[in-house]
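Each chain carries a letter (A, B, C and D) given by its place in the written order, and its residues are counted from 1.
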Amino acid sequence: MIRAVVWGENVHERENPIVAGVYPKGLHGCIADALNAADGISATTATLQEPEHGLPQSRLDETDVLLWWGHAAHGDVSDEVVERVVEAVWGGMGLILLHSSHFAKVFKRLMGTPCNLTWREAGERERLWVSARQHPIARGLPDHFELEHEEMYGEPFAVPEPLETVFISWFQGGEVFRSGLTYRRGAGKVFYFRPGHETYPTYFDPNIRRVLVNATRWAHNPEARQSSDWDAPNIDVSDALEPLEHRGAKLHKEGDAGFQ
Amino acid sequence: MIRAVVWGENVHERENPIVAGVYPKGLHGCIADALNAADGISATTATLQEPEHGLPQSRLDETDVLLWWGHAAHGDVSDEVVERVVEAVWGGMGLILLHSSHFAKVFKRLMGTPCNLTWREAGERERLWVSARQHPIARGLPDHFELEHEEMYGEPFAVPEPLETVFISWFQGGEVFRSGLTYRRGAGKVFYFRPGHETYPTYFDPNIRRVLVNATRWAHNPEARQSSDWDAPNIDVSDALEPLEHRGAKLHKEGDAGFQ
Amino acid sequence: MIRAVVWGENVHERENPIVAGVYPKGLHGCIADALNAADGISATTATLQEPEHGLPQSRLDETDVLLWWGHAAHGDVSDEVVERVVEAVWGGMGLILLHSSHFAKVFKRLMGTPCNLTWREAGERERLWVSARQHPIARGLPDHFELEHEEMYGEPFAVPEPLETVFISWFQGGEVFRSGLTYRRGAGKVFYFRPGHETYPTYFDPNIRRVLVNATRWAHNPEARQSSDWDAPNIDVSDALEPLEHRGAKLHKEGDAGFQ
Amino acid sequence: MIRAVVWGENVHERENPIVAGVYPKGLHGCIADALNAADGISATTATLQEPEHGLPQSRLDETDVLLWWGHAAHGDVSDEVVERVVEAVWGGMGLILLHSSHFAKVFKRLMGTPCNLTWREAGERERLWVSARQHPIARGLPDHFELEHEEMYGEPFAVPEPLETVFISWFQGGEVFRSGLTYRRGAGKVFYFRPGHETYPTYFDPNIRRVLVNATRWAHNPEARQSSDWDAPNIDVSDALEPLEHRGAKLHKEGDAGFQ
């Protein structure tokens, strides 16, 4: 059973009547429902407003895949939780960034780039094309599918070259966007998936829900979580794998921990 | 003329007599000399101890390629200068990270990974193999070359999958290491190059100097530096490239700057 | 249940008494035994000497992952079978190339590069380092492990940049080699794995057997095999997804199949 | 001076009055003119109808970058010339594939994939977006530009994951396409660039001409061409870089050339 946690910012769902009407259980609730309807996934939710944003270390330790939706309150996420999430990814936790989470601290932190783009909220038509046919994340999807109303995101999307480009979006207003990108950061798989503006019922769409399920399965690393020790261990000369004697000048003394 | 700046931490050169003996002009001075001996490169130096570490915005604006050597004092580099360097890279400045700079703030910031490795200071033999024959950075090099005394760095090296693996090192004590890795972050090219422990005369080695020159040329982006505006511009419906009318629900009001 | 087929050239096992002594069931038999000992994999064998080399279309249609070991008789593999295997990979069949199969027609065909390297048969020590910690293919392995006797392969290895570098080998004689490389070709995952010279008991080594099992699971694409139609379909103007009328000059007539 | 050769199939230019009207000097002639108008490039042409298709070994030996436009007569290109071109790329010659050359033998040979796509000849609007801002190939271009009449190519485009995605196209009829992709094959840089249907004046467009010039400069490898020896050299034990004695069983006799 894959243990998924859907993290929701949970701001517009409570403050904006349009969003509340579309997502009465919150975006996180809707997404968790989609995952729980699939075999082999057990999803719960966490929100910004909970203590430690619902993501104490003990919970991350038992999370296989974290899905993240944020928009208005990226700046309210504590840096401590961000580092905790980032280290969990390094150790093997899968991470799926949704829509406006392109600007989430955790994503920018893992990418090392500005992650900016262009955008327009016009309720226009988006068509997603599969550019990596039969990729696990595209499993069971047609070569293209449509969302009648979505917010536009446009290139250039300032992210590192991905391992794989799984989806590319066409927008009615004339833009394109790399809508599904895979990365690996340490032992953790990372997937960015574009759609999901909060005023449209995107996360109720069957193709979108299929992507969420596929991506959760893809991002799951069944290997034991790597310990959160990211130091650089000194290998003593006497422990060398091949016969070795020290030669030449030396900066470090015996047992020196090195500089960090 | 490529304008290179060699940034040196300049700590061990002043405090450790062995290092001072090997590098009387500092590691930065030696590296700058190597670059200045090449056609078409004009190199100067900057150090940790200067105001703003020698890297005010005005200087970065006129720097094509920044080479970075740090070790003992990564923590002393101000976060403000780190952000400044990172944004210059995004805008097109080349960045070459040398040796122990795998733990430099600027590198970890751009990679989004722990960047840790194993190490041993035993003066052992390192042999660098070219794994991307005739890559611009390997220009004029034999398929392999040796450094008789070097510090060992060993895999796993916790960095993202590179665009290209240019060099792989063999170590006498039994380890291997991906010693030359290319990345692009925004408009800036990034190269990590492993050798260069401060107690050995590595930066006087002709093959190493050739790599420094090649990498500086490779990292140079002649295009105008992109402005440091990493916001996500809103494209108004009336400015859409294709005929478009607003449809459906709307979160943002006219002229809204979006959430960051 | 993953249906694996281990293809063996089966030449030295029959002609060379040393190899016959190490691998009485052939290399393919030994490798198939390793896979059959794992949960969820059912492995059979095929050899060069069988009709159609044991790989008729009907069998490939029911093969999830094909493992390939060849050395002395690459040239004896019929081009028709090579194309058949390549198209199965495009359609989603996993392919694992072992050792001297770097020169197998199927590998060179899928890579588009010469795939050459340097080599030495001296029974020297090889040490494999995991460069992608906790990658599914490295699951359950230590950070390094040794083969006391192996043939050396050295860089430069003339292959395209991989998606991921999973293993790098250290050799006693001074060389290094990228020993585990992942690719995707169409819907098929491809893994090259270096060790396995026929005069040494490499495929009996527990770590090697673990890699074979891990790689077979990794290479398995559970999606239905894509049909072997690699044509470029013409989308008629009347079938366009957005309103469209023909404009301008036209080369093709209605219903034209296009040029191949 | 970069020595470019523009290879043109030269069929429709002679047989189809529309194409002859748009490109009186042939597509190859128009493209060569664009290159010759740039500093530092000297371009000539070669066509299918010439002996050895205008590409004898002696000419390839003196070609830095080969641009390739073919469509109707891919099958008429001799396999011998294809291998010659492929080996020149491996040795360091740049190769730029234009438009319908996605199905050229040389491209399919270097990619190892079917290279198929969907298409429609409707004279529709294509808009190219730069997805790798300030990449050398996008130098001097705006973030997007338009071709009022082009043939549509649609995803999925069956090619390997590229090193970099430089352009993505939006089509009026609803499709998207990765229009600018970089690869390296051996020492040679490879660039696929989508636009250029022969019934439209695409190669007269200033932005397109800029891409052709940029790509030619980018693809140029100034290093000496690697010799066309793609064998795997045996390193004798006595030539090992580290002290080594033969141990264990041996398949090859002294001086054995290995299996190919």
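For this structure, a couple of remarks:
Keep this in mind: contacts are C-beta pairs under 8 Å (C-beta built on N, C-alpha and C of every residue); 3 or more make two chains touch, one makes a residue touch a chain.
Keep in mind the model is a prediction, meaning the values are calculated, not measured.
Comparing the centres of all chains, each the average of its CA atoms, the largest separation from chain B belongs to C. Across the two interfaces under comparison, B-C and A-C, the one joined by more C-beta contacts turns out to be B-C.
Taking the mean of the C-alpha atoms as each chain's centre, chain A and chain C sit 31 Å apart. Taking the mean of the C-alpha atoms as each chain's centre, chain B and chain C sit 35 Å apart. For chain B, the set of residues touching two or more other chains reads 127, 132-133, 154, 158, 161, 163-164, 172, 174-175, 184, 186, 241-242. Residues of chain C touching chain A in their complex: 92, 127, 132-136, 139-140, 144, 146, 163-164, 172, 184, 186-187, 221-223, 226, 241-242.
The touching residues of chain D, when paired with chain C in their complex, are 12, 16, 18-19, 22, 71-75, 86, 90, 100, 103, 109-114, 116-124, 149, 152, 154, 158, 160-161, 163, 172-175, 183-186, 197-200, 230-237, 240-242, 244-252, 258-260. On the side of chain D, the complex with chain A involves touching residues 127, 129-133, 143, 154-158, 161, 163-165, 168-171, 174-176, 178.
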